[in-house]
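Two complexes come next, and they have one chain in common, chain A, joined by chain B in the first and chain C in the second.
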Partner chain A sequence: MANIINQISFQNFYNYFGSFDKNQYEFSEGVNIVVADNGAGKSKFFNGFLWIFYDEVLDSDTKTRKNIKNQAVKICSDKAKNEASVNDFIECNVALEFSDKRFRYRISKGFRLKKLKSDSSLTESADWQVFFKELEVSKRDIQLLVYHEVYDSDEQKRILNSLIQPNLREYSLFQGEEVDKLIDFNQADSINRAVKSLTDINKYDELEKITKYVATRAEGELNEIIKSSNAASLNYTKKLEEKESKKNSLESELEKLVSYENSYSLYKSEVDKLENLNENAEGRKEFDDKIKEETSKLKELKEEYDRLVEKLNERFFDGNFGWIAIGCENEVKNFREKLNSYREIRTLKKASKLNDHSNHQINLLPPDSPDSVTLQTMLDREHCYVCDREAKKDSESWKHINSLLNRKDSSQNKPIQVFNNDLNDFFGDIQLGAQPYVGRIIGIEESIIRTREKEQSLLDKITKVKEKINNLKEERSHLIIGGDEDNLSDARQIMAQYRGALTRLQKAEEDIIKSRTRIDGLNEGIRKDENELSRMRPQDTPKEYEFHFEISSDLRDAAQRTKIRVFDEMILKLEKMANQHFQNLIKHNDLSGGILKFEKNPIGTIDFKYIDEKGNEVTGASEGFQRMKVLAVLMAIISVNPNGYLYPLLADAPLSAFGKGFILGFFEETEKVFPQSIILLKDLYDKESDNKLNKLGNELLKNKSVSSIYLNQIPENLKQIEVYTEHIKIK
Partner chain B sequence: MNNALLKEVLRDKELASKYKINEEMISKAKLAPPYENEIIEYLAVIIKSKMLDNHGDVTVYNQVRNLIR
Partner chain C sequence: MTSNEFRDMILIKTPKYSVSLEYLFEKLANKQGKGEFSQFGPLYELYVYAFFLGLKIGSRIELASGSNAKKFVEIAGWKSSSPLIDFLLLTIFSRSDEIGFDWNELEDMEEKDLAEVVRKIITFIEEYAYGGLDYIKNKFDNGQLDNSQYLFVDLISEVVNQ
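Moving on to the complex of A and B:
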């Protein structure tokens, strides 16, 4: 019958402030759940188990397990410490009750804490005196009520170990990501270690060894009797020597086989490691390609940015931008006004000078206007189109038009010096030179803003690409196994190493096969010799010793064959059970998983593969699927054991963040494998819900396989030193 | 478990054939006496001594040797 934890209670242990009866949880067979939000005491609850089994607690700051002796002040309730007066003693204890088919046991561990100062720090060890108690174990007959103390330390230890055997605790007691380490599929030995721990397969090894020893001793004894009687024939002695020689060869060959098997294990690890590196090398190559592409993008962006920065100066003087003219709107206006004014004065002065000229024809109109054709038309039509007045022939007006037509030269072409320093052309040149900029002034600010935006956009793109490259490099760095990338060879070298390791592995495999063939041959020869010897034995050989040897050697051979047969059958069962568990564990998820494949390798241990329907190895499954693979294999190993598993499963947040599907599958499947499970998790918590359980939690509430559900809560608005955990039993 | 070990070895075809062990004998086989035949007795003594009583190899052999009649 399996061991069942009936109760666990805490006294001033972390948040579990107060006496045992205020912090008492009752459990029974099947699935037991403690739901708690972050900080409401899940890991602290689990620490109670760690204390009981390992004298350790998980330090939440360092995420490492630490010995309880160094953590006493820290694990004692802050509220209790705060409320204590100087010289007060605080009891800090964890008590666990469990039962087997006959007895109920109570195991308790604890210490007392004495407050040394009125202003004692809640965390300073020097301010407190710690008195650790001895392990306390008591037991009672399951039919009776009274517990009796167990004082014998060996018996205490035996009782504690019987709850969960030390070699099985890693499979029975795990926290969060520790699940992934239970069976490391990249470590060839990991799955075999689990099989050896969780099944009885080791017993077959043991039986093979002892029957071999018994057969050897029985044979030795028989031969001693025959020798001592001097009745053995020469042929018998010769055959016996032949057989002894074969046995020596067999021993030597068995030693060689062990050496080949060791080499195989070594090369297998090398191949596994290089296989990962090789896969990583391919993975790295993908990253390298992406990094190369992004680096090229980065180079282009940087060049574009440099070009932009270089052109910034040019834009001040480039007519297309004319940034130099920014803010010159008023200057342009002033310049125009002043130039117009200057030209007006200049024209008047010019007119005045022209009056003194021999031609006397003053033309204040723009040079060469009106033109000669227009003037002729005006004369012909006797009308001045300039002032739109009649100009009768031979009138003053008509004569004036005529004089203009007949002027010898336009006034513009007349070299008349208006000023000593005539700046008309100089100002004209300025006007002409500034013309391209003047039209741009209005858009310069917009142009600068656009340029700045472009610069910023380029800088942003550069930053993003740089970040992308860094991220790719970071992701790529995780593909380096063995850490030091600098010392790692390139992908080609890894491939070469991988091929070399594969060759060595194949050679070791061939050596094993050849060695096994030689061993089979020698065994066959020895058996024949034994048959011959049995016929050649002297007639007065005691029959009972002959029979003793015969029966012993038959048992030796049968034990050997049975070991192989049971192991082969177990592999088939393992594969079947693991796939059943796996499919059940993931059945609430939309994605379908691959196939778990178990194979016996040349050294007689198990190789594991995760393949698709076509037999191709599947890599890169999500974290959730990876964890389900581990759990499925673990459950399968437990399931193939004819006696099942006799211990509880105690797990803290085994599936955090993996979603409803996995959680539901896990609970349904756990119940089939473990006689009892106590699961601590927050994934069923919903603060807004009436009973504080979410939809999945309420589904589990109705599930018959769930025996109990507790809810842990911290009362609201408490200061840190007042924090304590309350719990209610929902089911 | 140790009973299962006993039964598994008795299921070995060669052994069962030579010593005429049938399914009924296997299903009834146990570590404690009385034993149906000598091969079951031998095997039961070895398993009990080694696996149940955790004896050393020499003690196991001496117990098996005591079966010589």
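Moving on to the complex of A and C:
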């Protein structure tokens, strides 16, 4: 039966101010959730586990784990330290209770802090004296009420280790991004290590070793007894020597195989790493193309900006802008007035001068009067086209037409010079020529504002594109793994290295196959020799020795075959389970995930791939997907174990990169694999909601998979030194 | 005299500026590249700008007679493809009272009297341009000119809005 954490309580531990009973959380089987906004004590809660299991806490400033011995003053509640008087002792403790099928255990770790000065700093170690307590463990029969102290330190350690075995703690306790490191798909060894830790596959290795040892000893004893009887024939001894020689060759070949396998592992990691770089090289090219595109956009924008700014002063004179005319409204008005006045005076002057001229003939004709050519035609044809009547030569009508043709002001006569200097056109031309500026005066200020806006908009665009380029470069830099960009960025170099590593890997694989063939050959030879030897054995050989040898050899062979069969079956099962978990984990997402593929490699360990339905390897899935992959594989490894997993899962913000769909899938699936989980997260918190849970939180409240939900809160408007965490159980 | 002949009489002139202001032109009107300040291209652009600035602040400064003056290219060459010359003339003739002539009287004048009017016009340009340049010079010398692309825009906007 699995171990279940029943309770955890804190005393003056970080924000958990006050006695144990004020900071007590009860948990049961299934999913337990502690919801807390930032700063409301999630990581501090998790630090309680870290203290219990590792004597460490995560230092929030440096994001590194530090030994508790150096952190005592820091982890003790500020409020408690502030309220203490000189020489007062403050208790700072964490206590955890868990149970297996028979007992309930209580483990407690803590220290006492003595305040040395009235003005002790809340963080200065020198102002406080620390007294660490020994680990306290007690237990009681599940049916009884009273706990009994466990004094034996080995027993204490055994109890603590039984809660979560030390080699499994990394899979049982993790914070945020640590999930990603549980299984690093780029490290060939990572998945195999997880399989070895979490399954019983190691038992088969042990079995193989033991049966081999027993068979070898049985053979040795048999041969000893035959030699000592002197009954062995010369041929028998010779055959035995042949067999021994083959066995020696086999040993040496097995050593070679180990070396080939080591090389294979080495080259495999090199290939994996370079494959990543190689894929990244392709990925980088995509980024390079985007960066190139954005850079050219930036260049165009900069040119446009420079043009705008450099030619800014040209707008003073450009007819399309005419900024030089700014504020010249009065000049324009004056000019118009003067022009009108000039023209009036001029007309009067002209009329007066013309009147002065002694000519009574009509010299000005009304509009639409016939021109001189028409008048001449009318005279020639002796017909007036104006009144459509005959005008015989020398008649009154004809004479009138003639007088019109020969009037003083007609073009046929020299004009009378009215002015010394005729400047009418001069002023008219000025008015016309200046019009583009004049027409724009009213809008100049607006035009300047628009220009400034345009400049600002260009600057904004430039800033945005620059930011985009920086982001692309930043993203691109993440594609460089394990190498500095300058040395490895050359895609061709990576390709060359990759090809080299691939060749070395293939060579190692061939070596392994050849070596295996030789080993098979030697084994076959040894087997034949053994058959022959069994026939050649002297009659008086003790049967029990023969029998012992035969049985142990059979067992050895059976163990070898079983190990291979179990492993092959496990890989198949692992793949099936991993895909099942993966599909369940992502089932609330709209996107469909790829297929998780497990393969046995030449050295008999597992290779992992993430492929699409066509068998192509998928890269670059989102962070959420990547994390789900890790969790699916981890869950699969746990699920293939016939006994399941016997320990709780304790996780702080494991879902920080997840969307709503992932979070729901995670809780549903976690319940199936882990007998108990305690998850600390903020993603369900909503300050505005009545019960402080968001929609997803309220869905989980109704979900049967969830056993308990606690809500942590910091009372509002407290000074830092007064801060403490309150909690309520809402499920 | 015809309109064109009269126009030519004015446009053929080459207004002058004091050599004491030459450094301003080097700093603020240098086509040859970027400097510390926003710049005009050809020298006369700064000159015309200064003329309008001088008009707006009402600063008219007489040029000392003598050789301490430098000439520009003739007015006819000032942005001849733009409305600038006509607008300049519009401005000048709107101020005919100040310069000291009457439009209609021009039409009756003899050539030498017209030449005198043209001389007055050029002096009018030169003196207001000096007024404007002096305003810029004081700001420049006192380090009050913004090192901004909008230097000239701001300067004239400020004056107009006062």
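In the analysis below, the second predicted complex is superposed on the first by the 543 of 731 C-alpha atoms of A that agree within 3 Å, B and C clash if a C-alpha of one lies under 4 Å from a C-alpha of the other, contacts with A are read in each partner's own complex, and residues count from 1 in each chain.
Definition applied: a contact is a pair of C-beta atoms (placed from the backbone, for glycine too) under 8 Å apart; a residue touches a chain by one contact, two chains touch by 3 or more.
Given the structure is predicted, the values throughout are model-derived calculations rather than measurements.
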According to the stated criteria, A:Ile551 is in contact with first (chain B), second (chain C), both, or neither; which is it? first
Examine A:Ala559 and indicate which partner it touches, taking first as chain B and second as chain C; both and neither are also allowed. first
In this superposition, which partner touches a larger number of chain A residues, chain B or chain C? C
Chain B versus chain C as contact partner of A:Asn421, first or second or both or neither: second
Could you say whether A:Leu207 touches chain B, chain C, both of them, or neither, answering first, second, both or neither? first
Which partner does A:Lys117 contact after superposing on A: first (chain B), second (chain C), both, neither? neither
With both complexes overlaid on chain A, does A:Lys729 touch chain B (first), chain C (second), both or neither? neither
Would you check which partner chain A:Phe317 touches, where first means chain B only, second means chain C only, and both and neither mean what they say? second
For a test of understanding, state which residues of chain A touch chain B in their complex under the given definition. 200, 203-204, 206-207, 210-211, 213-214, 217-218, 221, 544-545, 547-548, 551-552, 554-555, 557-559, 561-562, 565-566, 642-643
In their complex, what parts of chain C are in touch with chain A? 1-4, 6-7, 34, 38-41, 45, 48-49, 52, 55-56, 79, 82-87, 89-91, 93-96, 103-104, 106-110, 114, 149-150, 152-153, 156-157, 159-160
Across the complex, what residues on chain A touch chain C? 309-310, 312-314, 316-319, 322-328, 330-335, 338-339, 341-342, 345-346, 349, 419-427, 429-438, 445, 448, 452, 455
Per the touch rule, the chain B residues reaching chain A in their complex are 1-2, 4-5, 8-9, 11-12, 14-15, 18-19, 38-39, 42-43, 46-47, 50-51, 57, 60-61, 64-65, 67-69
